[in-house]
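Chain nomenclature is as follows: A, B and C, assigned in order of appearance, with residue numbering initiated at 1 for each chain independently.
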Amino acid sequence: MKANPALRFALADLVAAVGGSISGNEKAEISGFAPIERVSPTEAAFVEQPKFLAAAREAKAAVLIVRPRDAAQMEGHQAQALWLHDNPYLAFARASQEIERKRHPRLLQGIHPTAVVSPDAIIHPSANVGAGAVIEGGARIGAGCDIGALSYVGADVTIGDDTQLEARATVHHGCVIGARCILHSGCVIGADGFGLAPDRGAWIKIPQIGRVVMGDDVEIGCNTTIDRGALDDTIIGKGVKLDNLIQIGHNCEIGDHTAVAGCAGIAGSVKIGKHCMIAGAAMIGGHIEICDNVFISGATSVFKSITEPGRYSSTAPLLPHREWEKNTVIQRNLADLRARLRALEKQVGTLADPS
Amino acid sequence: MKANPALRFALADLVAAVGGSISGNEKAEISGFAPIERVSPTEAAFVEQPKFLAAAREAKAAVLIVRPRDAAQMEGHQAQALWLHDNPYLAFARASQEIERKRHPRLLQGIHPTAVVSPDAIIHPSANVGAGAVIEGGARIGAGCDIGALSYVGADVTIGDDTQLEARATVHHGCVIGARCILHSGCVIGADGFGLAPDRGAWIKIPQIGRVVMGDDVEIGCNTTIDRGALDDTIIGKGVKLDNLIQIGHNCEIGDHTAVAGCAGIAGSVKIGKHCMIAGAAMIGGHIEICDNVFISGATSVFKSITEPGRYSSTAPLLPHREWEKNTVIQRNLADLRARLRALEKQVGTLADPS
Amino acid sequence: MKANPALRFALADLVAAVGGSISGNEKAEISGFAPIERVSPTEAAFVEQPKFLAAAREAKAAVLIVRPRDAAQMEGHQAQALWLHDNPYLAFARASQEIERKRHPRLLQGIHPTAVVSPDAIIHPSANVGAGAVIEGGARIGAGCDIGALSYVGADVTIGDDTQLEARATVHHGCVIGARCILHSGCVIGADGFGLAPDRGAWIKIPQIGRVVMGDDVEIGCNTTIDRGALDDTIIGKGVKLDNLIQIGHNCEIGDHTAVAGCAGIAGSVKIGKHCMIAGAAMIGGHIEICDNVFISGATSVFKSITEPGRYSSTAPLLPHREWEKNTVIQRNLADLRARLRALEKQVGTLADPS
């Protein structure tokens, strides 16, 4: 399992797989990637922002990924080769994926003897099921899936090909997970939504009989929770990326390729468009619609629908505590401030025009 | 385990169990519930808000639950029968519970052979214990309990009758869980509170020797955490409903029938009254008391006690990011604004009365 | 496992271990600690704040821990002895630790037969591994460790001596955990960071090949998540204390002895100094530096670096909802308020000096 540090990867192979061109030693090899500030003579680094070009020029790297338009500024660099690519960060991402795939080739390990798999579950012969995992009846696990140790897959769950459940992930009964998804440790997909009817001071539980239906290429962070729908399904579009400790309420619909950062909360029946970015700790109130291409800033709370693309924010300014205390007193009494302003306006109006 | 879609439920039975009366075909049957906008001729739907009455009139449903006072507006409806009930949402909740109970009758499965149950634990013969669950010595599991796969029940825990632990729930040693509770996947009840004494720059852990004591009919969401008390217990009243990803600090007391939505955080030693509603992502600071019947809005932070029932809010307004940037500058300098206002008031006072 | 209530602990032994002196019966014994308001004649209580001295004087306790300078005010107390210590809260913390160690002596239980331990893992003979735990190849578990039931320890993880993983904790491959750490249930250490490169509207995953490296004496709360670094490591300094449901993004560095309360979120590449306190639900944006000795108030969001020690806050004031609604309208239009103020200033200037 340990990474083999002696492995070398040919730059030419990576460029062939990922795109771009080589300037310099076409036979250059790399052992992996490192940040520009500590890259070693066997490693590659990428230069995304022009402000790092100067440091890159001095770096003793094997390979540097730079934009073609930045190549001229790299004159005198110390690398064996430049990898010219329009999007260095993307080239790095894809090349790093190639390298990790070769470094850690997937092994077919099958079903661990301590896993508890219902005889009614259908596990593709190319799937792995880890130690202590539990898979209930009617579940279907696709080709190339890895079901992590101590994971739980409920009855009648469908999991698409090449999807990975990390250790201790949970998918509840009837949910549908796409292909090439990654569900990180501790996430819970398809638990009951928070549906309650008030009855003379007590709360009556409303059975949650919808599912979670998730598209392909979705990634769900650790300990993130996505509730099943009440009557209809909760929908997670393809390519959606959710970070850790996020709550998605029942009957939400998250559009394709939307990304949500850690600690965000999305209440029930929210509809979020495609290609949105919800930054960390943002909170979206229930029954709201957010259109495509919206960016919600960190720690921002949203309690009404957003119909125009763009960026939205709501946080209060950070202040040294004593200033904050004074500021808060004024803020709490803004109505008084406005009333005084109005009174002044009237008084000044009279002064200016006493007629 | 799969729902049998051919099952039909007699309206008359549901009305007998739940209350209300039938107008129309007293022999009507339903296969289940659906939202009004996609209800099918074998299904029922409920009409809670008058604005949906028009849609309900057109809906090709088997049964519609409406308020008696709204029945007149249903003239010309297409359902086999109206179910008249003063609280359609509640009638739906209860009827849906009846249906789900029949659709998924509880099976006595006993202790799964892979569960690890201490010989000193007392498991009622009518309880189920799932695959891979671990139950320590001295634990007592009541009649009709379902302990989910891969759950952990610590030493000397007491769990009341008919309580359900979903897969991967955790209850730590000595805690007391009521009857008919539901503990969802990943929740952790009774871990150590965050009790630390400062000692010359380092933190010394204070052993947490209290428990969590939970009443009957409590529901705890996925990955929610409730810490045990330091010396005294953390108390969760009966009928309390907690959504997902909520933190309840040590020595809190949550009053009966209070509901807390997802991502809320309640610091240590907070006392919350009965019948409160804490909306999503609200944060309650430590050592605060909140009286009965308080509603805290979403994303609101509370740092002082609340002694009057009612609704409280604190969030900052959502703005397009550029407007927010300008707004923030002013907000940060409210003291300046107020000072200028004061100066003007003085100056205008002098102008108006130069004596 | 049950606490033996008949156990008695000699005050003299506790004072010898923890420091301070005895005034009164040097042979006094205690059965444990209790809060001052319900302490019993066999128990001890501590008096941290002078306002509780009056109650302490009346308390029928075996022992009271007070500051030497407060002893005079305890005249007429009813305890067998006063324990004089400069820091009663700390004395209580340490004494309680001593008592709990004796009350619950660690038992050597070895590897539970249902644990799944790779033959390539190295488990110190004095370590315990609980039921159903999974330990992968190359992992090294130090002396005196307790690996809780249903925990997961990935390949090549190193865990220092006397560290405790509570039930259902997870440490992913390659991470390094210090000595005497406590990792609570449901925490996930070393899952992938949220690293994505945009590619024509979709997100490309960046392999996360750094680790989490954690110092000694760290405590990590339930369901808290700490992501592994992208290329470099995520660093958790020694003595750091993290409460429940906290997210620490990839490549963060948390300085020694910093404490973070529940529901806080720290985005990627944040560097926090030593001896900081981050209160509950605070949110720190990405790529920020916070110097030593900073206190961030509860629910405060931080989006720029902090270079001066001290306390910082950002929350909006709590208001009854109707007042909040009015206040929000004004706050949303602060620019208008300021413009009117400017216009008035001009007008009044002209009135005062019409030249």
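Note that contacts are C-beta pairs under 8 Å (C-beta built on N, C-alpha and C of every residue); 3 or more make two chains touch, one makes a residue touch a chain.
Here the structure is a predicted model, which means the values were calculated and not measured.
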Notebook entry, point to check: Can we say the copies subunit A and subunit C touch using the same residue numbers, with more than half in common, or are the two sides different?
Noted result: different
Notebook entry, point to check: Since subunit B and subunit C share one sequence, what rotation angle in degrees maps the C-alpha trace of one onto the other, as a multiple of 5?
Noted result: 120
Next item on the list: Using mean C-alpha positions as chain centres, tell me how far subunit A is from subunit C in Å, no decimals.
Entry: 26
Margin query: Please output the residue numbers of subunit A that touch at least 2 other chains, ranges allowed.
Written below: 114, 132, 150, 168, 186, 223, 245, 263, 315-317, 319, 331, 337, 341, 344, 348, 351
Notebook entry, point to check: Touching subunit B in the complex: which residues of subunit A?
Noted result: 114, 116, 132, 134, 136-138, 150, 152, 154-156, 168, 170, 172-173, 186, 188, 191-192, 194-199, 201-207, 209, 223, 225, 227, 231-232, 245, 247, 249, 263, 265, 267, 283, 285-286, 295, 297, 300-304, 308, 310-317, 319, 323, 326-327, 330-331, 337, 340-341, 344, 347-348, 351
Notebook entry, point to check: What does subunit C use to touch subunit B in their complex?
Noted result: 1-3, 32-35, 38, 87, 89-90, 92-94, 96-97, 99-100, 112, 114, 130-132, 148-150, 166-168, 182, 184-186, 217, 219, 221-223, 239, 241, 243-245, 257, 259, 261-263, 275, 280-281, 298-299, 315-321, 324-325, 328, 331-332, 334-335, 337-338, 341, 344-345, 348, 351-352
